[in-house]
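First the structure, in the form of structure tokens, and then the observations on it.
In order of appearance the chains are A, B, C and D, and numbering begins at 1 in each one.
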């Protein structure tokens, strides 16, 4: 029985809350308290169409997975659907949308982008404010985030000359899977915030350049859709696991991706509580200000008259980011969690989020297959050491660890020289997250390919100038950490 | 016998100086030389009403305590009181007052403040220039002040993963008194400069968030009024003691607060002479310029014609700050002063103002109950080491001291991660001064509560990301001082 | 048989490509694939006059050396030559040309230039954008380039007093050739980009100041023309060798310069692949923007509509610089290449491009006569250590190397004190590249002389203030590397 | 026989050059080649009045001392003197003079100056450009000059508490002469450039504050005039000696000051050749530009048409500074020069200009009475270590030197804390040069007194906060050099 807008509109309260998504009506009353992003964001759309807000941050199968079938109330009637479409179309564009549209028309040709900063510069112009705030934000004052990048600048090379390098090859294997150059796509959520094709851009770009993509638990496409986006079913994808505190859901998630053919599980351990990403949290306030006031004013916030002196209230200060991991298990342990994972899958296990030497050693002792030294792109604990610093210490203090498992790192990689420094210090490969989001947001699949080609060129010529024919020629002695230089952002 | 304005106005010279405060007439002729702030500021109001200048920087009982009863000459008559009120009302607003009123109307809602910098940003807008100059100023070029803050930025974490932290608790005890999180309100003078309710805002905010307030000797409310502001008489207050060089006055002050139920004495030892707070000293000149000249000009000062080439004259260059401690004992010693204090009270003794390892050791040997590592917020000796640096050295060089007394610190704490770093390095708790003044100035009691809630959230999530369930899980190994980063202010 | 423009114009495709240079017609169809700078730059001028683009970056004998005689098709007819001249003349000036002409009129008198920065400041104003981009550009983010300069600023002096220095002499010998002061002209390509007389300015300036010039393999004058520019045939020139991967061409090049009387071979080993000089690569895009758009816009590039989303294409991203070395041998080795060079010439051999201590030791063991510690002015591997840092380490770690061969360095020398620091640390002399290009570009031969005179004055007075009568009085103990200062650019 | 202007005007060539100074006519033809500042500056005034240019930079007895009596040609006649005066008066004011006059009217009252930076800020406004360029300039890029100041900022205190300091005294003796606080006036040339009373301001200010003044060999008043400026003949002055290369002149100079009652000889050894003070050299060009062009243009220089491409010419690039020392002995030695000085005077000898530990040791061995660690305010060898760094090293490496002679330092002292740091590190006293020039330039004698009072207040309160009753309580343990802070200028 198709619904009219009037019927839906009556259910606009916490005690009976319906919403319309893609012309279908859902009763989300009982779900309000379960919603990871909190109830208030849903109630904002109670009794009406929520499609525009819903789509970019939920995979298409989210409703099927999370809302029981009896709450799927059915379709809108034709007149209602038309009215919804008409309203969506007639809506006046926001200042931010106007800015983005203009930037899209003016963005440079892809072959004018020479380095990853160029790609990011385009993304900063063409991305909606909210998407950019979510992608770029990091914890507190973004110090760990910035230092991830800057830490590479303290590493200088001892290049070797008069070594034959006309034949030079940067390929390697990650857990036995070949890769053209020693980089992979770090798991990053919500690619559809930046581009309608979302994570599929990354998948196809990875295929064309022969690198590995790690798919985020919080992808904005379903894990199945991403697997289906592969041009070749043999293309290797890895899966990043946020372990749900509900053990049934956690197990189901692992089994789903095993079945879909994902080839490794990267258990993320550094994001058990939301990081304090203030730029992300402030994004809706900034956007409100843009619209109402013709430009942000003092404090980038709108004053709500009368509330300044009143009692403080608990508010939702999670932002887009916080919502995503609010159901994660905060009581994982080395002894139990690895065992549990081994018990439900034979896939290799990689621990993502190692932030100190001591935990790298524990990982090696636990028998996992690899670790990713990472502080979540500076999005979790502020003042976590830069990843490359942790790798540097691990190489100096416990070089034996590199013989026991594969060591990867991510965070701050922006140049081919960054990759080479990490390889010199013992990493098998390095991951990039934000740069891939920026590339696919600005240019789709072609941007992803371009980004890899830029890095490939920088890596190969860097190797040649270092006197290296293959990655095994890159050794710790070629890198020196200096105390007299540190880049400024 | 009520006085007329004409009668009072005759006494407008150093040889006979009367002033009106709250419609009462006082003969302050003999007091001129005793006034800690110097005579010239009083003489400015000789023979007339001084209420507006007097009130925010003196506790209500100051006249009773410092001026003998026979100098309390009695009330103004009704006509005079009306005239005084009329004049106060009809006075044209200053540029600074106009600015403050507008800012008060525009300040953001309390729940839009995400961190302590946000709070300070509001305070900078809504506080009168003179109050802000007094609160924010520090010695000389404010280097120790700035480095107090910056020094935290050189400490990075070694976070531990795969440790159960869903249950996480930041409570502790300070000299046996429980506190919800390991912070306290450092003693800070003259809260009424920023808000009419002054220190009472801090007292009530501390009650609602279950933390300890240390009340300043130079509070702008009487010690009794502050004690009375407690919603519950069991709420614990500590007292910060500036020891008067007059031993009788010093003893009387201690006995008063003991009687009022204060629970510890924090003897301040780093402020025996006034610090050189130039911003505070210049404040009246800047304000003069604002009024007379429509904006500050060269040197932020007004030229007094003819005096440039003349002989220099000793001038009062103490500012608001200097006046407060001009009667303090400059000859305290480890051997005598502690003994004296023990002889008049059984309360626990905390030494506030320890600035090097050697004195921390002496304090431990002296048998006091605690120390606060502090350089008075950078307001006393310029180039005193940042407090967290002294704590760091104490942990490295003399970890045994932490077993002999409770070690606190203040100075530069602005983030939950700052608190966690200090706790890792052995502190039982940390104090905050200026941030609480800013919070109560801008939002009263609600601001105080908000500030604690912000820190609580940052502390708890920081602990979870460090792998800590309780404060005892925070250990020195989790903190590393790096030589490659130092924040810029 | 003279050609008409119409006849030439027909050959404007890859399958038949003719160009006009200096009124002569050439068939470059077969040469397209061999052109070090790629075919597209030639095809831009297919069927028409290419003189203006060709001249400043090719030595006059380039066509004779690289294009077989049967492709030299002969002269334009008189009418055609006139038409070409008319067109060249009537061409509207570009924004950049107008800027340069105005700057040339306003440039300061030569005797107003007090230091090398003054010279560079003039050059930045009077040089065409493209020349400046080529001269000034360095790899990636220009960090090694900038650090070459900055690294000197961390070296402070221990000057000695009360030593007689009224007689003070800075002369020395380089491989037995006397030089007035311990500097030489580092090989730098394409001097004609900046001044029509090109490298001859350097040669004559070197003669007048009695210093050695090292001539670049990529000089824009022929090696013979440069030799002929010497006022005295006994003036000593050295030759910088890029070894062609074609052994015949490599040998021919060496034999040519031996025959011309060059006195040493400086084999360059740090530029086997092109560095990533982005400023150089972007130069044509920036110029396009200047013309079309009246000022560069977003990204300094022009959008080519429709291509943003398409497949990426391999593009020529070598810039002016990359083209020059695209035929160099990438498989040189210590064991073979030195032997080969010894086998074809008795001239002393200097290895240019040593970037670490280990390779300096290998060079000493290989028996060559000298090394130039150099990272190619920061134009090759980004994050190569600054040259003066490598020299510093060599002096600390392997002082014996200085007894086995002559050690020179270049990169970042801008002041007499820089020269003195290098000499203190064991260098026999230091080279300067860009400063000489800037000097000859802005003021021709006179600029070259002025530059040497400035350095001479700085060197002599610096020696006197250090307490040194001659270079041998400059010892490592006079230089200290500090950890508390580093200049900002 | 009085002269007419017409008569004088005929002698306006190098072969016969007369000038008028203070209505007297001099024949300086033979003196042209001897003039330390070169001949061209004199020839600029050949045949006419040179008083305005001559006066501020020459002591009144300069003509008597340097020009034989027969070249003193006599007086102008009355009409000529009137005409000279009229011309001087009617001369249009320069832009710079107009600026200075306005600034003099607006300068702040003396009692509004709280610190030495305030004094310098006034001086920068009220001083003529040329005077400021001479006073403030330093060598090359002014790095040693700036680092002199900044080096203090790396020294932090370990303040001690609970020590009796109500009685606190900063007095000491320098070579047995008492001084109220441990500072002295460093010799600085040409005080009359800034104030008509010149060095006498310093002398009288030193008397009133009971400190020692060291008089420069290049004072702009005669040594006798300065001695006569003393309110009390017992006031102690020291003399700074530039030893003339003419031993007769050198001896005469010493004997003159001995006779005048100066009490110590400070032999300056770090200025045997002129430093490269570019700001000073460029000053006349900048002033020319101001007048001719209504504001400086590109390069701050005026183009002289036609000369850009011509041969370079040796030019006078000494500036005001270089001229002063062009006759100094460049062949002084430890063995001979000290002996010579001892042979002609019994006064104590202080070596000024020690810049490294090794020379401090040689000084102690040579038996002199004191040394001033100094790099001439950064005006001589660029990259000479900051003075306080040299003092720091001397205390760490050779503390025995402090027992053998008195160690002073100058360079960069701007705050009371700077003084205290030097005293902690073993200095008996510190000198200040530029700050005294600025103070006397802006406010005459009163400015000098004010400056000392500011420092006295900062020193005394700093001592009290450090826990020191007298200078001997200031010990090396109270100062720590940190590696994490360095001020920015």
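In this text, a residue touches a chain if its C-beta (ideal position, glycine included) is under 8 Å from a C-beta of that chain, and two chains touch if they have at least 3 such contacts.
A quick map from chain label to UniProt name: A, B, C, D = L-lactate dehydrogenase (cytochrome).
Keep in mind that this is a model prediction, so the values were computed, not measured.
Chemist: Residue numbers at the subunit B-subunit D interface: does the shared fraction exceed half, giving same, or fall under half, giving different?
Modeler: Different-residue interface.
Chemist: Between 0 and 180 degrees and rounded to the nearest 5, what angle rotates subunit C's CA atoms onto those of subunit D?
Modeler: Resulting rotation angle: about 90 degrees.
Chemist: Return the distance between the CA-based centres of subunit B and subunit D, expressed in whole Å.
Modeler: About 45 Å, centre to centre.
Chemist: Cα centroid separation between subunit B and subunit C, in whole Å?
Modeler: The mean C-alpha positions of subunit B and subunit C differ by 63 Å.
Chemist: List, in ascending order, every residue of subunit C touching at least 2 other chains.
Modeler: Correct list: 483.
Chemist: Identify every two-chain combination in which the chains touch.
Modeler: Contacting pairs: A-B, A-C, B-D, C-D.
Chemist: Spell out the residues on subunit D that touch subunit C in their complex, using ranges where they run on.
Modeler: 140-141, 143, 147, 150-151, 154, 245, 269-270, 272-276, 278, 281-282, 285, 297-299, 301-304, 307-313, 315, 317, 330-334, 337, 351, 353-359, 362, 375, 380-385, 389, 483, 486
Chemist: State the interface residues of subunit A toward subunit C in the complex, per the touch definition above.
Modeler: 106-112, 114-115, 118, 121-122, 125, 153, 155-166, 415, 417, 421, 443-444, 446, 449-450, 453, 457-458, 461-462, 464-466, 480, 482-485, 487
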